[in-house]
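Labels run A, B and C following the written order; every chain starts at residue 1.
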Amino acid sequence: MGKRRKTAILVALPAAVALLATGCGGGGGGAGGGDSNGAVSIYGTEPQHPLTPGNTNEQGGIRVVDELYAGLVGFDPTTAKPYNLMAESITPSSDAKVYDIKIKHGWKFHDGTEVKAHNFVDAWNYAALATNAQINADFFAQIQGYDEVHPEDPKAKPTAQTMSGLKVLGDYEFQATLRAPFSVFPVKVGYEGFDPLPDVFFKDPKGFESHPIGNGPMKFVSYVPNQDIQLTRFDGYQGQDAVHFKDVDIKTYSDLNAAYSDLKGGQLDFLDLMPPAALVGDTYKADLPGRTLNSSLIDIDAIAVPYYVPGYNNPDLRKAISMAIDRDGIIKQVLNNAYDAANSYFSPSLDGNVPNSCEYCKYDPDAAKSAFARSGFTGKLTIASNSDGGHKEALTAVCNSITKVLGVACDFVPQTSLGQFRSMITSHQATGMVRSDWSADYPSVEDFLNPIYKTGASSNDATYSNPQVDALLAQADSTADAAGAIKLYQQAEALIAKDLPNIPLWSEKGTAGYSSKLSAAKLSWKRQPDLPSFRLA
Amino acid sequence: MSDPAVVAADEPELEQIVTGKQDKPRSLGSDAWHELRRKPTFLISLILILIVVAMALFPGLFTHVSPTAADLNHARGGPSAQAWFGYDVQGSDVYARAIYGTRASLLVGVFATLGTVLIGGIVGIVAGFYGRWTDSLLARFADIFAGMPFVLGAIVIMLTLNAPGSNPGETRILSQVVFSIAVLSWPVAMRIMRAATLVAKQQDYVKAARGLGAGPLRIIFRHLLPNTVAPVMVYATIALGANIGAEATLAYLGIGLRPPVVSWGVMISDARDYVAAAPHILLFPAAFVSVTVLAFVMLGDAVRDAFDPKSR
Amino acid sequence: MGRYVLRRLLQLIPVFLGTTFIIYTLVWAIPSDPFAGKCGQRPCPPEYVAKMRADFNLDDNLFVQYVKYLGKLFTGDFGQTFSGVKVGTLIADAYPITIRLAVIALVIEGVIGLVAGVLTGLRKNGFLDNLVLVATLFLISLPVFFTGYVLKVGFGISVSSTAPLGDLIVPGFVLGSLSMAYVARLTRTSIAENRRADFVRTAIAKGLPGSRVVGVHLLRNSVIPVVTFLGTDLGALMGGAIVTEGVFNIHGIGGLVFINIQQQQGVVVTGVVTLLVLVYLAMSLIVDLLYAVLDPRIRYE
């Protein structure tokens, strides 16, 4: 999908023009600037799934899928404000249950066929159907008829092939009826799983995977596993978020430090996160003078304190642990100021976040000690996580901070791989606290509550269950008025902050760097390079 | 089987160094001891090893700072009067950690080498001596282990022995690492031993012993071993270093020793992302590894030269 | 000799079967679900997991899985990864650079190690001897990743997968440095011992020129353990060097195996490792045949 990549033309035209003007630096003021037929290379990781919207859910694949496909809704890269990309309009019924969606005319897939309403409906039905076993199937769960194409019991056969809630009303119009009111739906369809697929996909899905065809600003050229993925500009693209260069080479790296030295050496043009060594003492700013940028990622890192671990179902213990963590000290000394300390259960850059809504998220050694004394907890604390990606250093520091304040032993328990780590959590076999980070699928406070804190939710790592919270969340989901819904979500958050199922730690700021080949670039709220903002020097 | 004999035969020199009596004027042991005492490399390495062993046994003698104490305010601080080697990423004293890390690193190095040489030596000499189908069988058996990538084997051993989420204690992690290294690296020692045995078997004194009706055990221990042990010894001294390095490598890849164990490898792996920003975090544990390995290899060289009459 | 080679080739079959089976078992013995981490913080839809398990025969018992795997293998199909990439493609992409790196490392360690070993073995306790001893000590005592980092920072090297040979010299040196020390020391010991052997004395007594004694009689007999070592080492080098490849960002076979072990991509791991074991077995056969060529005292009946 293409949502987040456009540069706010709809929102504020003058701003977009100003951006274009700065984009070409001191050059001369021509729109676009630099070589509009040039090539750039960006950092990437090996995609874990085939490059189709319904089957892509991790950074390495999303990076490619976002450029190949364009969805109904796009997001501003910086503010995460949604705008209509392929959608002409998305009109909810008064109870937020039925959505009438009109799409723009004249959009083409890379094979020349026009994007029509049925391309969306077919793609959604394909992704939701249990027998297609698509990884993003859950995202369609709110659409009426989902339980027929995707029965709860994984062994049961689907009783329908398509969801009854989706109706094609013409070449450029379709209707989505939801099982229950859900006011965040128009934002949720901005997730890449909702992007359309061309007719050719349904004839041969397997063959399509080796040469995906989308409707996005870039089209597929080649994919060499563990080496790179090459895309080139799709000149027939109709969206506002077209790119100002021709080719992009998404280079696959397995080592961040290697990518960083390539960036310094000019063999790589854009790197969306800095290795720890480059962050220390702001080394990266000296290495890349004037070529670094920050963004506001929408994510939160936390540790889940599972209720099923003996001794952990103890509010005082949770408070004691949370208040014993010197978040600011760890961010300054271990995380090199690349994060903001968490003081709520939302990302600070998210619309609807209430600063300081988590009263126990402040470092308070004395209060922590007395809460710990009240808890009567004896034994050892552990925090488990896969140790790559800098988790080891940060969580070891968290443990050290807990030990220092509470005097209780705390060990970081490294897990060899993310798979090993997650299977331990999903099978409820954790023997201590576990890392539980969250990045937004789409920019809404809803995405930070329902999947994590609702009873039995898919990512409820702490196995938290509070009927009051469940009721508030359901009420918020069915409130059509966006502002009213946010208020209810905030009330749910306030209750969660008292129970502390997860202990929020910090949110990443997002730090990127680019080579001197580029004169402008942006990093989106999803930590993806914002290609439309790239200008060649 | 023949383990004790092999151990004894593996290090006859060492035993003789310790027990060698001066009053037997022409014994090999006293000759060697006499020569060794005057070799500066021997004395230097011996002193270094004694220091390292002392650090492993009594870390408290060398530092009063706890290796696990961490103060974030000092994180990545350079060497100073308070902390000679500076502080690591967590603000722990690098010197204290290096001292306390000696024990784990040394244990892994010594036991893994012992295991490697024992398994490899026995299998190698048996294969070389008996030849024919025994040789083929053992050689192919070794091939399976040798062909398997070290890391694959190590990961699988570490993963299958520890349930996900479990937090195994120090001894358990240590023995698992030793086991992984020994099981996966013995084929090299085996091939060297086998090659040496093949050559030694053809020597006249072996043929003579055979002609005189000596049993296979006697031939192996009295005649073959003393003449095949030199190349394996060369390998063992180097392997000891390599195994201390292997411990570091496994930790570096995130599958070896891990907290709460403190070892040089753990320290090096902690430092890997900060080499450019705070080189002292990597430099000091790496120096400890290097100096220790150096001492063992030097000792091995000196002892071998002294006891190998042919090399005089 | 011909019969010996034939017998060894036949022996390859059980070793091949044994190895693939052990590896297959080991990878699936890792006690966690390979698809658990596939959906980030969310658990994967059960249908997705079920389909993947079915596609990769994970629900059959181990033996059936293995036989199915072998059946495919014999038709030349290495299988594919969880994301649908052919394992054959992965190997074809990663192997050339690993072979180039291995050969460079072997040449470096063989040439430098042998020359240093011969020179020091002939003149023991001289200045050169001590210099080489100290140098090898130094190489042995530095961990590979340390040497790697230092040289990488020193030379500012980053290698792409299509790197010309020249770019691989420094990584090759790093990779071969430890073995270079082994080779030098093995050669030195071996030369020093054989110098006193009867056949060398006889050659000298016959009045042969020194170069011929060293070159033909002494060297030929002394390189046997060295050849063993180099052969074994080449087999190991061909298996890829996870650390060296990682430090220099070389996308070789070592990194491929490492990543896929972590992701529990059993099909990839078994495919690649099977190939590595075959290469290794071929190397060890060649080494054994070289014995006979180099040392007339060893005969294969």
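Rule of thumb we're sticking to: a residue touches a chain if its C-beta (ideal position, glycine included) is under 8 Å from a C-beta of that chain, and two chains touch if they have at least 3 such contacts.
Given the structure is predicted, the values throughout are model-derived calculations rather than measurements.
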Measuring centre to centre with C-alpha atoms, which chain is farthest from subunit C?
A
Which of A-C and B-C has more C-beta contact pairs
B-C
The distance between the C-alpha centres of subunit A and subunit B, rounded to whole Å, is 48
Report, in whole Å, the distance between the mean C-alpha point of subunit B and the mean C-alpha point of subunit C.
21
Mind checking the centre-to-centre distance between subunit A and subunit C? Centres are C-alpha means, answer in whole Å.
41
Junction residues of subunit B - those touching two or more other chains:
155, 159, 163-164, 275-276
Spell out, as numbers or ranges, the residues of subunit C touching 2 or more other chains.
30, 32, 262
Please output the residue numbers of subunit A that touch at least 2 other chains, ranges allowed.
416, 420-421, 423-424
Can you list the subunit C residues touching subunit A in their complex?
30, 32-48, 50-52, 81-85, 89-90, 93-94, 156, 158, 160-161, 246, 248-249, 251, 255-256, 259, 262-264
Residues on subunit C engaged by subunit B in the complex (per definition of touch):
7-8, 11, 14-15, 18-19, 22-23, 26-27, 29-32, 124, 133, 137-138, 140-146, 149, 153, 178, 181-182, 185-186, 189-190, 192-193, 196, 224-225, 228-229, 232, 235-236, 239-240, 242-243, 254, 257-258, 261-262, 269, 273, 276-277, 280-281, 284, 291, 295, 297-298
So in the complex, the part of subunit B that touches subunit A is made up of which residues?
70, 72-73, 75-76, 89-91, 155, 158-159, 163-167, 254-255, 258-260, 270, 273-278
Residue numbers on subunit A that touch subunit B, as the complex places them:
257, 275-278, 280-281, 283, 326, 329-330, 332-334, 382, 384, 387-388, 390, 392-393, 396-397, 400-401, 404, 411-416, 420-421, 423-424, 429-432
Flag every residue of subunit B that touches subunit C in the complex, lowest number first.
136, 139-140, 143-144, 146-149, 151-153, 155-156, 159-160, 163-164, 187-188, 191-192, 195-196, 198-199, 202, 230-231, 234-235, 238, 241-242, 245, 248-249, 252-253, 268, 272, 275-276, 282, 286, 289-294, 297-298, 301, 308, 310-311
